[in-house]
Structures are given as C-alpha cells and as structure tokens.
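In what follows, structures are represented as structure tokens.
In the two assemblies presented below, subunit A is common to both, partnered first by subunit B and then by subunit C.
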Partner chain A sequence: MFSYCTDPSTLSGLTWLSCYLTTGKHMAFYLSFGTVLLLLAITAPTALLFGYFGATAARSQIAPLRWIGKTCIAIVRGVPDIAFFLFFVIALDQAIEWTRHKLLCPEWTEPVRQGNDFVVCAAAKMPLGTAPQWVHETYGFFLAIFTFAIVFGAFAANVLFGAMRAVPRAQMETAEAYGMTRKQAFRRIMVPQMWVYALPGLGNLWMVLIKATPLLFLLGVEDIVYWAREMGGSKTAKFTDYPHGDWRMWYFLALLVFYLAFTRVSEIFLERTMKRLTKGQATTGGEAQRKVAA
Partner chain B sequence: MSCWQTIQDYALRSVGYGERLLPRDDFTLCQQFTLIGSGMIWNVYFGVLALIAGFFFATALALGKGSRNVWLRKPAEWFIFLFRGSPLFVQFFFGYFLFLSLKQHYAFFEPFTAAWLGALVVLFLNTAAYSGEIFYGALRSIPKGDVESADAYGFSGWPRFKKIVWPTMLRLAWPAYTNEAIFLFHATALVFFSGFPAWQQRGDALYYANYFADKTFNPFVPYPILAMYFIILTLIVVSIFGLINARLNKHLPQEVKRKIKLRMNLIR
Partner chain C sequence: MKKLILTTAAFALSAGMAFGADVVRMGTEGAYPPWNFINDAGEVDGFERELGDELCKRAELTCEWVTNEWDSIIPNLVSGNYDVIIAGMSITDERDEVIDFTQNYTQPDPSAYLAMSSDVDVSGGVLAAQTGTIQASHIASTGATLVEFATPEETIAAVRNGEADAVLADKGYLAPIADEDSELVLLEKTEMLGGGVGMGVRESDGELKAKFDAAIQSMKDDGSLNELITKWDIGETF
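So, the complex of A and B:
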C-alpha cells in the first residue's frame, strides 16, 4: 500500500509491520469484520421481528396459532444451538432445492433422496451451477443470516412473551375500562410499556448474539475466524513476500480484544438505554428517577 | 450385522475401544444412535469436570470481586470480564494456539494441545468466570439481617463464611447456577469444532452427528438423535440440581422455596 513496500525483503521492524498489515489479504481480513457487523445489523432487527410475531402468536386467542407459537419457542430453546446452526443450514438448503425441484421439474420421476445422495434437477439448484462465485457466497451468507434470525427470533420471542406478561395487569384493565378493544389496548398500552421489561432480556440476547457471530465460520462463511486461521498460519518465503512463523495465537488475541471492546461498548450503551426507557415508568427504577428529579 | 454387535463395536469408540474404522456406507439407525451416544461420553466428561473444578474457582472469584482489597478485586473483575466478554469459540481457538506455541518452548504443555486437557482448561476457566459472576450477585443479595444475626451470635471469619454466608449464597445463586450448568453442557459441543483436533476420530456427540450428516447428506436423522441425547442430559442435570436445591432450601417454609426457573440454551 505504501510506496516503500515494493520490496518487502529489505524492510524490518515497524516499517515491515506496516507493510505486512496493509497487504491485500489483510484488507480482506479487515473487511470480514464488516461481514460480522453486517450480520449483526441484519440479524438483530429480523430476530426481533420474528420474536415479536412469535410472542404475539404465543399469546393469541386462536388456539392453533398459540400452539404453533409455543412449540416453536420450546423446540428452538430445547435443542443445543450449535447443532441447530449446523442442522438448519443444510435443512434450509435442501428444503429450498426440494421445493424448486417440485415446481420446476415436474416431469422428473426419480426420487430426490437416492441412498446417501440428494439429487435435484439442474434447474432447481440453488444458486444455479452456472452462477458466479459471489452469488454462491452471498447465498451462503443469507442462509446463515436466516438461521441466526430463526434461532435468535425464538429466544427473543421468549423474552417478549415474558415482557408482555410483566406489564401490570392494572394498566390493561384501565385500558379496557376506557373502552378500548383488545387490539387497541395491545397496541397502545402494552407494546409501548413492555420494552422496559424486555430490555434486560433483549440486552442479554444481544450480548449472546455478538458472541455467537464466530459460529459463522462453521456455516462456511469466510468470516474473521476463517481469515485469522488462514493468515496466522506459518508462511515460508516461497509463497509470500512476508514470511513469518505461526502467528495464529496473535490473530486470535486480536479477535478476543475486538469482541471484548464490542461487548463493553454494548454494555455501556444498553445501560444508557435502560435509563432512558425507565423514565416515567411505573417501576421502582422509574420511581427512583422521579424522586431524584423532584 | 445385528444391533447388539454394533453396540459392542462402537459404544466406546469415542474413547478408543472397539472397532477402529467408522462405518462408511449403509448407515443404520443403530449405528447412528450408538456412535452419537458414544460421543456423549466426552460431553459428559468435559461438562462434569469443568463444572466441579469451576465451582470452587468461581467461589474464590466471587469473594475476590466482592473484596475490599484492590489487589484481589481488580484481578477477579478483569478475569470475569475477559471470559464473559468474549466468545467461547474464540477462546477455544486462542487457547489451542497459545498451548501450541507454548509447547515449542516447554515440553510441559504437550498434553494441553489435546482436547481432553486443553479444552477442559478453557471450559473450566470459562464456567468459573460465568459462575463467579452469578455467585457475586448472590453474595451481594444476602439479606443484611442474616449476617447481622451471625455477628450477634459471635460468628466471625471462616466459621461465619462457612455456616452463614456460603450456604445462603449458594441458595440464592442456585437457580441461575443450574442454567449455567446447562449452558456448559451445551457448550461442550463446541470443542471439536474449534481448534482442538479430534485424534483418531475420537470426537464428541456433535462430531459424530456431523460426520453422519456429511456422509448421508441427510441432516434429519443424526441431529434429532443428538438433540434427544442432549435433552436427556439436560433433564438429568436439572433433576440432580433440583435435588441439591431442595437440600439447600430444606429449612425454609414450603411456600418460600424458590422454584428453579429454566432458561435454557443460549450460546456464549
């Protein structure tokens, strides 16, 4: 990157390091931090949305909907999550291909599952075999995001379900006394108030989500763990301009520091949000804030 | 091959006894059940040992974090922050590569690069940090009256800790600690997916489940089997911890007894 980097073998010390840390591969490594952040940025709202629907389904008045909501929450919480991640990516992939196979190749008579093979017609492949590499990568990434969103959506559903029940009964009764319908009371009274009860749980979930992002590596996405392993490994002068020993330890130390900083910043941010949300609420926290102000 | 034969061949495969080669084709349900169950030996091994060792270290950490002495408090705080603030997955990787580089200078670290010891150490430190935080929270919520009464009766120092503070701390922390134990058992599934290599294909339950899913390209059989094993394991953990909980709460009137509320299965 820098002008003096043209011949790395003559460099030493800090200048060598500055060149080493700005190679093209390292840029890909830094970019993969962006992948993690992107995953978080997409997953968190999606999971929250799933969770919201899950929670409303679980407390629905229509019995089958309630059962579905509750079973979904129970299943996802009962199964070891890493197994869930490994399972879901293949299962989703196969489900998509199977559906496309049924739709696109109706004339195909052979069974999809032949012994140990899963065979669909070429048109049903997802993404298509002819698609460029980046399409495959993006598809894998979105499959991973969807998996994360489902698993964390179930956790979030559980938190929100608890939070909805924690809203004081008197608040809902007052809403009924004012003649609001069930729907109105839900939207105007319960939803605005439930967040303060949900925030500790959701905050916890956010921390867990941050700490779950390295699992992307298991789903075959080229994330920071992949790159750290790749680049830390010892390199000889034959293959690279920057030979070095086994530095994987230092790369993972860097990851460790990155995650520590990230969780710490989130912690501080969550504390502030909690303070803001508690304001004016009918809880001990809200009462304490009111007393200080008065 | 009968199912009984399969069980004889593979029930202890994960610890190195029985048939050397894993089944390669014509996978039967029996093989999947046996091998995945065999892998559970490792999950139980990691979970139980880390839990027992971690328990004592966690108590020390909680006391350290609650201590007035800065030299005790700061290290405990940092230790807990370090292990709770970073993903276990990355800790496994870091631990493995750390042991790997240490091995080159000191032969003493040779066994640490194998999963049975290295991963156990990482799990032990991790669970100690999480439980330490739980115990610290419990330590702070011990009713003031209990400690004051102890003082009034002339308790102090070690007897006061052993007879009053510690049992109450455990009693308050127990529901959360039960969840931590469940997390820990689920976390053991990560071991062979991080840096630690599975030597001679001796892996844990998830390792074998993944093996079958890869070979048969059918995730719908091995993973549910794995889930079943884990649910059984969780139920066993819950019932053992429930018995201890009942013992810790024996002196309390019936309605005051705290039920253990389960919040299962979050990744760390």
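So, the complex of A and C:
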C-alpha cells in the first residue's frame, strides 16, 4: 500500500504495523465487515416480511393455510441452525439446478443422482460453470440471505403471532362495533398496535442475528470471524512477509469491540423505537408517557 | 418451425462450446502451509497453487480457486460447488468410496509429531489432530486420547497451551513451525499413513480425472513436479 512497504523485514514499530494492516489480506478483512453489514441490512427486513406472512398464515381462517404456517414455523424453529444451514442450502441449490436441468436439457438421459454425485448438464449449473468467481460469490451470498431470512423469519413469525394475540380484545371489538370488516380491523387496529408487543422479541432476534453471521462460512461466504481466525493464526516467515505468533486473541478482541459497539448502537435504537411505538398505546408504558405529558 | 430447430441447434452447439471452455473450479482449504495458504495479498498460494496452475495449463483448462472449510470440503464437491479438491488430501480407501482420486502427486509422506519436549510418549496421553484427516483416524485407532480441531492452526495452539501433549500432522506442515519456534520440537517417531496426496474429483467426472492424470504424469516425467516438491519442502521426490 505505502511506498515504504516493499521490504517489511527492515521495518519496525508503527511503520511496520501500518504496512501490516494494509496488506491485501487485511483489505479483504475490512471488506468482510461490509459483507456482514450488508447481509444484516438485507436479511432483517426480509426476515420480518417472512415473519409477517408466517404469522398471518398461522392465524388465518383458512385451515390448510393455517396448518402450513404453523408447521413451517414449528419445523424451522425446531431444527438446529447449523443442520439447517448445511442441509437446506445444499438442498435448495440442488432443487434449483434440478428444475433448470429438467427445463433446459430434456434430451439428457443420464440420471441426475449417480451414487453420491449430483450431476446436471452444464447449461443447468447455477451459476453457470463459466461464470466468473464474483457471480458464484454473489449467488452464495443471496442463498445465505434467503436461508437466514427463513430461519429468522420463523422466529419472527412466532413473535408476531404472539404480539397479535396480545393486542387487547376490546380494541378489536370496538373496531367491529364501528362496522369494520375483519380485514379492515386487522390492518387498521391490530397491525399498528401489535408492534409494541412484538418489539422486545424482535429486538432479541436482531441481537441473535448480528452474532449468527459466522454461520456464513459454512456457505463459503468469508465473514469477519473467518478472516480474524485466518489472520490471527501464527505465520511463519517462510510464507509471509509479516511473520507473527498466535495473534488470534487480538483479532478476536477487535471483533469483540465491534460486536459490543454494534449491539450497543442497536440497543439505543431499539429503545428509541420502543418509546415512539408506546406513544398513545393502551399499555402501561403508554399510560406512563401520558402522565408525564399531562 | 425451421427457425426454432435452427435456434435449438445453435443453442445446443453453443452449449457444447460453453462446456468446452468450462471453468474448472479448484477447491482448497487455504490454511495448511506450505501446501495451500492465503498469502499477504489475500490470494491462495503455496505448493498446490503452483501445481494446480501448471496442471491446468498442461491440461488446457481455465481454473479458478475457491476456498472451503475442510469439514465440508467433500460434500461441497459432490454437490457440484467446485470440481476439484486440491487440499493436501491423502488418498485413502474411505474417501475413495465417496469421491475419485487422480494419481498421487506427492509420495506417501511420513506424518510427524510436534510437541513441547522430545520425551513425550505418543502411545498414550492426549494427541491433537485436525478433524477428518488420516492422522485423526490413526490416533483414534491407537491407545492415545484424540482431541480434534477444525483447523490445523488450532491443533498447534492446543500443544502450545498444554491441552494436548503432541500434534500429529504432515511433516511438511509441521517442519517450518518447529524451525521457527524453539519451544516446539519434532519427535523422532513418525507414522507412515495414506497413499500419497492426490486431487479429489467427483466419481462421475471421469473425463476431468483423466485430463489431470495425464497432466500429473507429464509433470512427473519431465521432473517439474520434483522441482516444485523441493521448492516448497513437501517431502520425498519421485
């Protein structure tokens, strides 16, 4: 990076550190913070959306829809994350390729499953075998987001389901008395009020999600924990210009600071949201706010 | 209709061509110097990087490097996330049941023990090894207690902090570590394990296997493989 970095073995102290911290490898490490933040930024709203649909399905009046919603929530919540990540992603990837295989290569006669192997024609590969590496990485990244969204969506669905039931029955009765239909009452009365009951649960989920990102490496996405472990490991002079001992402690310390700072910021944000949501609600919190104002 | 047939034919042709210019994805671990590791620039480097690039050149393939955790390196190969495992993987019968191996590109190499002192008794005690390696299954078959770790780095750390008495791994991996750290020593006792290191390919991928077999053979014949083995201190030459 800097001009004086050509021969690191002659450097010492801060100059050495400045060179060390700007190697291509460290750049990849810094970039992976972006990967994690991007993942969170996309996953959180998607999971919330999945959760919303899950919860609405679970309390639907149409029995089959209700069964599907409840079963999905129960299965995803029950399966360990790591098993889900290993099984579901590979299965999803194979399902996509299998479908493309059937559509694109009808003339193919060999079986798709050959022993342990999963073989589809070249045109059905997802992404194509000829695609550059970044396409593969992006594809893997979105598979990861989808999987995260399903897992956390199921938990969010349960939280929202509970929150919907927590909205006082009297509120809904009043809506009915005003002549609103079931749908109108749901949209106008229940949904705006349920968030205040859902927020503590959703906040918990968000905190868990922040810390769940190391699961990414199972899917081949290199996240901050992977890089910290890789770079903190002791390096012998033969294979690097910057040999050092076991520095994992320092790298993980940096991660600790990052995670603590991140969760603290989240907490502050959640607290403020809670205050805003409580305003004018028929809860003890809302009552307290009203008294302070009056 | 004619046009439809024509486009189909063109499509089939282009699909065939696309197959010809296919990118071969090389899966490695990137945490096992000198075999494979991530260099300062953040790229895969090491003996297998040089070897793989040369083999691809000889077999006239375009290759791309991917890293994957050792634990799931075989499942990801068979499900098609990459096409080749080139990660210091020894050829064993157990693995051969699931995937196919090319011919070996290193000699069956002794595995060595690395410990804090030279008088450690390896027939008993606690020994560290990386999960899913031939060394781990060897320790499990002896009287010693096995502690497994996901990465090679952690096995060394376990010896340093006293969690394990010694670590069993390829000598090529342990030797540079012992050279640099005066606290750690290689024991004299070694174990002959496995049938050399080969590239892993899917069992249904006979064509690719044949290409790499031929390329490895040509590197063995003109001595360039021996040069690489000496350059990276991997072990015995052919």
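The working rule: the second predicted complex is superposed on the first by the 287 of 294 C-alpha atoms of A that agree within 3 Å, B and C clash if a C-alpha of one lies under 4 Å from a C-alpha of the other, contacts with A are read in each partner's own complex, and residues count from 1 in each chain.
The rule is short, and it goes like this: contacts are C-beta pairs under 8 Å (C-beta built on N, C-alpha and C of every residue); 3 or more make two chains touch, one makes a residue touch a chain.
Since we're looking at a predicted model, the values are computed, not measured.
When both complexes are superposed on subunit A, subunit B and subunit C end up clashing with one another. In the superposition on chain A, A:A28 contacts subunit C only, with no contact to subunit B.
By the touch criterion defined above, A:T213 lies against subunit B but remains apart from subunit C after alignment on the C-alpha atoms of chain A. In the superposed model, A:D246 makes contact with both subunit B and subunit C.
Touch criterion not met for A:T10: it reaches neither subunit B nor subunit C.
Contacts of A:T109 after superposition: neither subunit B nor subunit C is touched. Of the two partner chains placed around the shared chain by superposition, subunit B is the only one that A:F87 touches, whereas subunit C remains out of contact. After overlaying the two complexes on the shared chain, residue contacts for A:Q61 are found with neither subunit B nor subunit C. Residue contacts after overlaying the shared chain place A:V225 against subunit B, while subunit C stays out of touching range. Residue contacts after overlaying the shared chain place A:T263 against subunit B, while subunit C stays out of touching range. For the contact definition in use here, the residues of subunit A common to its subunit B contact set and its subunit C contact set are 86, 90, 94, 116-118, 217-218, 229, 246, 248.
The touching residues of subunit A, counted against subunit C in their complex, run 23-25, 27-28, 86, 90, 93-94, 97, 114-123, 125, 128-133, 136, 217-218, 220, 222, 229-230, 233-234, 236-243, 246, 248.
On the side of subunit C, the complex with subunit A involves touching residues 15, 18-19, 21-23, 25, 30-31, 33-34, 37-43, 45-46, 64, 66-69, 72, 75-76, 78-81, 83, 98-99, 151, 153, 156-157, 160, 176-177, 179-180, 202-205. Those residues of subunit B that touch subunit A in the complex are listed here as 25, 27, 81-82, 84-91, 93-94, 97-98, 100-101, 186, 189-190, 193, 206, 209-210, 213, 215-220, 223, 226-227, 230-231, 234, 264-268. Subunit A makes touch with subunit B in their complex at residues 77-83, 86-87, 90-91, 94, 113, 116-118, 155, 204-205, 208, 210-215, 217-218, 225, 228-229, 232, 246, 248-249, 252-253, 255-256, 259-260, 263-264.
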